[in-house]
Each structure stands twice: as C-alpha cells, then as structure tokens.
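Take a look at these structures.
Two complexes, one shared chain (chain A), two partners (chain B, chain C).
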Partner chain A sequence: MKNSQLYKGSLNTIIMKLLEENGRMYGYEITQKVKLITAGELNITEGALYPALHKLEAEGLLDVEVEKVDNRLRKYYKLTESGQKETVNRLAELEEFIRNMQNLVTPKQNPDLQF
Partner chain B sequence: MAKKVSEEQMEELFTFTRKHFVEYYDLQTELADHLANAIEESWITYPTLDFAKAKEQEFKKFGIFGFMGIVEQRQAVLTKKYQKLMWGYFKEFFKLPRIILTILFILIVYKILSFNIIAYSLILGAIVLISIYRLVTMWVKHKQKIKQTGKKWLLEEIITRCGGMIMLLNVPAQIFFRLTDVVPNTIVMWLMSIVLVAFALYQYTILYIIPSKAEEHLMATYPEYNLKF
Partner chain C sequence: MITTNQIQLIDQALKKIGVSYIDIRYEMTDHIATALESDKKDRPFEHNLKGYIITHKKELQKINKKFMFISMVNAYKKLLYNMFTIRFLALFFLLYLNAFLLSLFMERESVTRILFIAITVIVCAASFSGIYNLIKRKDSNSFTHGLSFVNVITVYPSIFMMSWQREIASDNLVLLYYTVVIWVSVIMVVTVRQLNAQYKLRYNG
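== the complex of A and B ==
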C-alpha cells in the first residue's frame, strides 16, 4: 500500500465504506475498486487486505457468502447490522482525524493578528 | 470475448496454493479465485500472456512471504474465535441452572477427598487418561475425514486440537505437587475439589461439547462447508 504508515490505520474503514456503498464485494474486487477510485494512487496489498477482511469477519462486522461464479467458488463479504453501525462511527472518526490533520498541516491564520 | 481461466488451470491454482503452504480449503478457494481474477484481468491487456507467467506475476504481489502471512493471521483469528466459544460454553457451568450441578460435584469430590486425600491423584489420573483417549480418537477420525473429503478446514483442526489448550492438562498436577507440602486442611481440600471439578468441566467442554457442535460452528464459519462442488 502506498505510504503504508499513513494509510494502514484506515484500511478497515476503507473496506467498510466500500462495502457500505456496494453491498457485497469479493477480495479482488475491493483492491480494484480502490485503485480505480484513487486513480492508481492507493494500492491495497493482498497481504494486508485478506487478514483485515478475516478479522472484521471474526469481529462480527462482516458476513460471508459463497457463490459459484464461472467455474469456481467466490467468497463475498458484506456488512452485518453491527458492521453498518460501526461503519458510521469509524467514518465519523476518520473525518474528524482528517479535519484535525488539515488544521495542523495548514493552520488557519488567527484574524486577531492580522492588520 | 474475454479470456477465462479454465477448470484445469483452476486446479493448477489450487495446487499452487497448497504448494505455498495454504493447507486449508477455505483459504485455498479464496486465494485461487483471487489469482484467477488477477490473471483474467491481465489477459485483457496482454491476451497472449502465458498462464504460468501471469500466475507468477500475480503471486509476486503477495510479497516475499507469499501466502504465509495470510495463513498465520487466519490461524490467529480462528484460534481467538475458538477461545471465545470455549469460554462461552465453560461459563455455562457457573450460571443457573448448571451451577447447581457444579456445586453438587464439588461437594461430592470434597467428601471423597475428606475420606482419603489420595483420591485427588486418582480422579486427576482418570480425567487425564479419558482426555488422552478422547483426543486420540478425535484425531484419528479427523484424519480419516480429510482423507475421504480431501478438504481441510482450519476451524475443524483447531477444534480437534482443542485450540492447543490441552497443555492445561498439566495445571492440576502442578497444583497437587505444590499442595503436597501443605497439611491438608479444610481450605486446601475445598480448593482441591474446586480445581478438580473445574478441570473436569473444562476437559468436558473442549473434548465433548465443542466437538459435538463442530458441524454447527463450521457451517456458520464456512458457507461453502456443505456446498457440493
């Protein structure tokens, strides 16, 4: 993943957000969707994606469905009810983080000090 | 029409995951499908690209440790799930109505110990022998099932291995050795009774209750468990 240290903490939220928008998705589809949205800027590695999906599943935030597609089985992930609630919380947290980072990186000028 | 991975190539991908230390069917399915998708995607741009080359290219994206990290993390996640299950069932013995039976067992063991303290090692020995017998029979059955079906499920293996927690067999024995220096008074004997009963219930949970509900948990974990394919 590009700039992994910065993106690492947000991987679960990215996955949950995508599932919230798309209903259900399979692993490869998630990697491609992220690439597409970020115009290739962000590349989720397979080694990070699957452990994250399995952990979210074990936490009860994701549910799995298996379907036969072409000549093979495909595992789809979708948000559970608690997963949907948690997505809202995590997105709010992430937005707050982005706002704070923006304020820190580009602080607004204090109008009192302006002439 | 877009070029698709054939059935034979799919088999090759399964063999490939097995060769790279993915023993479990659920992970093999997911990773083989991932590789197949990636290969088909690269065929859109390079239709003449050789299957083996495309496969190697995609595998490289998993990093130098290949699938190993994914397998290890899956093991950690499912072991945690098993432990949660185990504590859930074990705790039932300390809640109403079962706690009445648990207290009754403790009282009976206390009575036996008051009669002769040697009974502690006899009861303990019996539990250990029964546990070992059960563990061996479970393992043999498990191996036979894998041979028959050709599929290995991680959670099933964890259940058969009792989550590796069979090592706790040693704990009551250690307690006994520490208590041999202490003059067996009422408190010590109550303590010994509680330890013995808790140990027996724990062994019963991991060796009888969970394995008897294994199918139910496997179906809940793996939607593909009962799929005929």
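== the complex of A and C ==
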C-alpha cells in the first residue's frame, strides 16, 4: 500500500465505507475500487486487505456470503448491523482526524494565536 | 474466462507454496483467478500464473499465516464462549458429581483409571476427523490448526497425573482435575462439530 504508515490506520474505515456504499463486495473488487477512486494512487495489497477483512468479520462487523461465480467460490463481505453503526462512528472519527491534520499542516492565519 | 482446469492449477499452485487449508485457498483462488482474468496481456495462462505466484509468493504465505492465526483465535473464542454456557456449566457439575459418587464406592486409583479412559476416548473422538483427513490427504479448514493443541494440553498431563495423584492427599483435587480435563475435551468435540457445520454451511451451501 502506498505510504503505508499513513494509510494503515484508515484501512478498516476505507473498507467499511466502501461496503456501506456498495452493499457487498469481494476482496479483489475492493482493491480495484480503491485503485479507481484514487486514480491509482492507493494500492491495497492482498496482504493488507484480507487479514483486515477477516479481523472485521471476527469482530462481528462484517458478514460473509459465499457464492459460486463462474467455476469457483467467491466470498462476499457485507456490513452487519453493528458494522453499519461502527462505520458511522469511524467515519466521523476519520473526518475529525483529517480536519485536525489539515489545521496542523496548513494553519489558517488567526490573529488570536499570534504571539 | 478461466476454466475449471485452470482453477485447479491455481489451487495446486497455492498448495505447493504452503497454503494448505481449503477455506483460505477458496478465497485466494478467486482473488488470483480474477486478477489473471483482468490481466489483458496476451500470454498463456500457465505463464501468467507462474509469474503471479513468483511475484506474490511471500505475500500469499504471509496472508496464510495471518488467516490461520485469526481463525485459531476465533476457534478459541468459540471454545471459551461454550464453556460459559448453561448447558456446559451444568455438564461440569454433572461430571464432577458422577466422579464424586464413583469415589464413594471405589478406590481412588480405580476411579482415576476410569476417568483417564474416558479422557482417552473423548480425545480420540475429537482428533479422529483431523487425523483421518491428514492420512487421506483430505482438505481441512483452518480452525483445526489451532484446536489441535488442546488435545495435547489435556492428554499429556493426564498421563502423568496417573502417578502424581499418589502424592496428592486430597481426593477432591484429583477428581476436580479429571473432571476439568473431561469437560474441556467434551467442549472441544462440540466446538469442532459446530465450526465444521458452520464452514460446511458457508462453503457447501
């Protein structure tokens, strides 16, 4: 994953957000969707994606549906009810983080903060 | 579209690099198949597959290890959860009561021998499917990896307990030990059956 240290902490939220928007998705589809949205800037590797999906499933945030597609089995992931609630919380947390980082990286000129 | 024969080739390639459990292979096979289908390069399938496996070998092995760890943790969580259900708590008291009643009419060594035989039978029943799959080279699911250690933990101390118990003064302590071991073994058998049913339902419909 590009610049992994910065993105690593947000991977679960990215996955949950995509599942919230798309209903259910399979692993490869998630990697391609992320690549498409970020115009190839962010590349989620299998090594990062699948363990994250399995952990979210173990936490009860994701549900699994297995279907035969073409001539193989495909595992689809979708948000559980608690997963949907958790997505809202995590997105709010992420937005707040981005806002704070934005303020830190490009601080607006505030006369009250002038020393 | 990738053919059934090519799917088998992907599956074999995964087995070859150590991705042995079927549930992990299902997901990785689909991932690789979809990736190869999306690859627009006009090259023979075998060449593409070989290239993919060589490039991603370390990553696939890392995923395999992580999958095994996560499913092991899940299996132990299920085992722990079962321990604290009313039916298994009731079973514990019933087992202890039986052992205690036996001790009223029999010598301690005879009681512990009976309890040890019970442990052996239960552990054999619990291990049977795993050993059978291993001998017959049948596919097994990743959760079996973690739970196989429980048998070792329960059987080995019990063998030594047969002689250690002579130095333990309290009958109750010895009975309690055997009751706990039998209880854990029974819960393990049930947990394995539950997980097998869950995986079967998921992958076989």
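The rule we apply is simple: the second predicted complex is superposed on the first by the 110 of 115 C-alpha atoms of A that agree within 3 Å, B and C clash if a C-alpha of one lies under 4 Å from a C-alpha of the other, contacts with A are read in each partner's own complex, and residues count from 1 in each chain.
In this section, contacts are C-beta pairs under 8 Å (C-beta built on N, C-alpha and C of every residue); 3 or more make two chains touch, one makes a residue touch a chain.
Everything numeric here is computed off the predicted structure, so don't read it as measured data.
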### Message
I'd like to know which partner A:Y7 touches here: chain B for first, chain C for second, both or neither.
### Response
neither
### Query
What is the contact status of A:G27 with respect to chain B (first) and chain C (second): first, second, both, or neither?
both
### Message
Let me test your reading of the model: by the given contact rule, A:D70 touches which partner, first (chain B), second (chain C), both or neither?
### Response
both
## Note on the structure
After superposition on chain A, the chain A residues reached by both chain B and chain C are 26-28, 32, 45-47, 50-51, 54-55, 58, 64, 66, 70-75
### Message
Taking the touch rule as given, give the residues of chain B at its contact with chain A in the complex, in rising order.
### Response
4-7, 10, 26, 29-34, 36-38, 41, 61-63, 65, 69-70, 73-74, 77-78, 80-81, 222-224, 227, 229
### Task
Please name which positions on chain A make contact with chain C in the complex.
26-28, 32, 45-47, 50-51, 54-55, 58, 64, 66, 69-75
### Task
Note which residues of chain A are touching chain B in the complex, please.
26-29, 32, 45-47, 50-51, 54-55, 57-58, 64-66, 68, 70-75
### Task
Name, in rising order, each residue of chain C that touches chain A in their complex.
1-4, 7, 26-31, 33-35, 38, 56, 59-60, 62-63, 66-67, 70-71, 73-74, 77, 202-203, 205
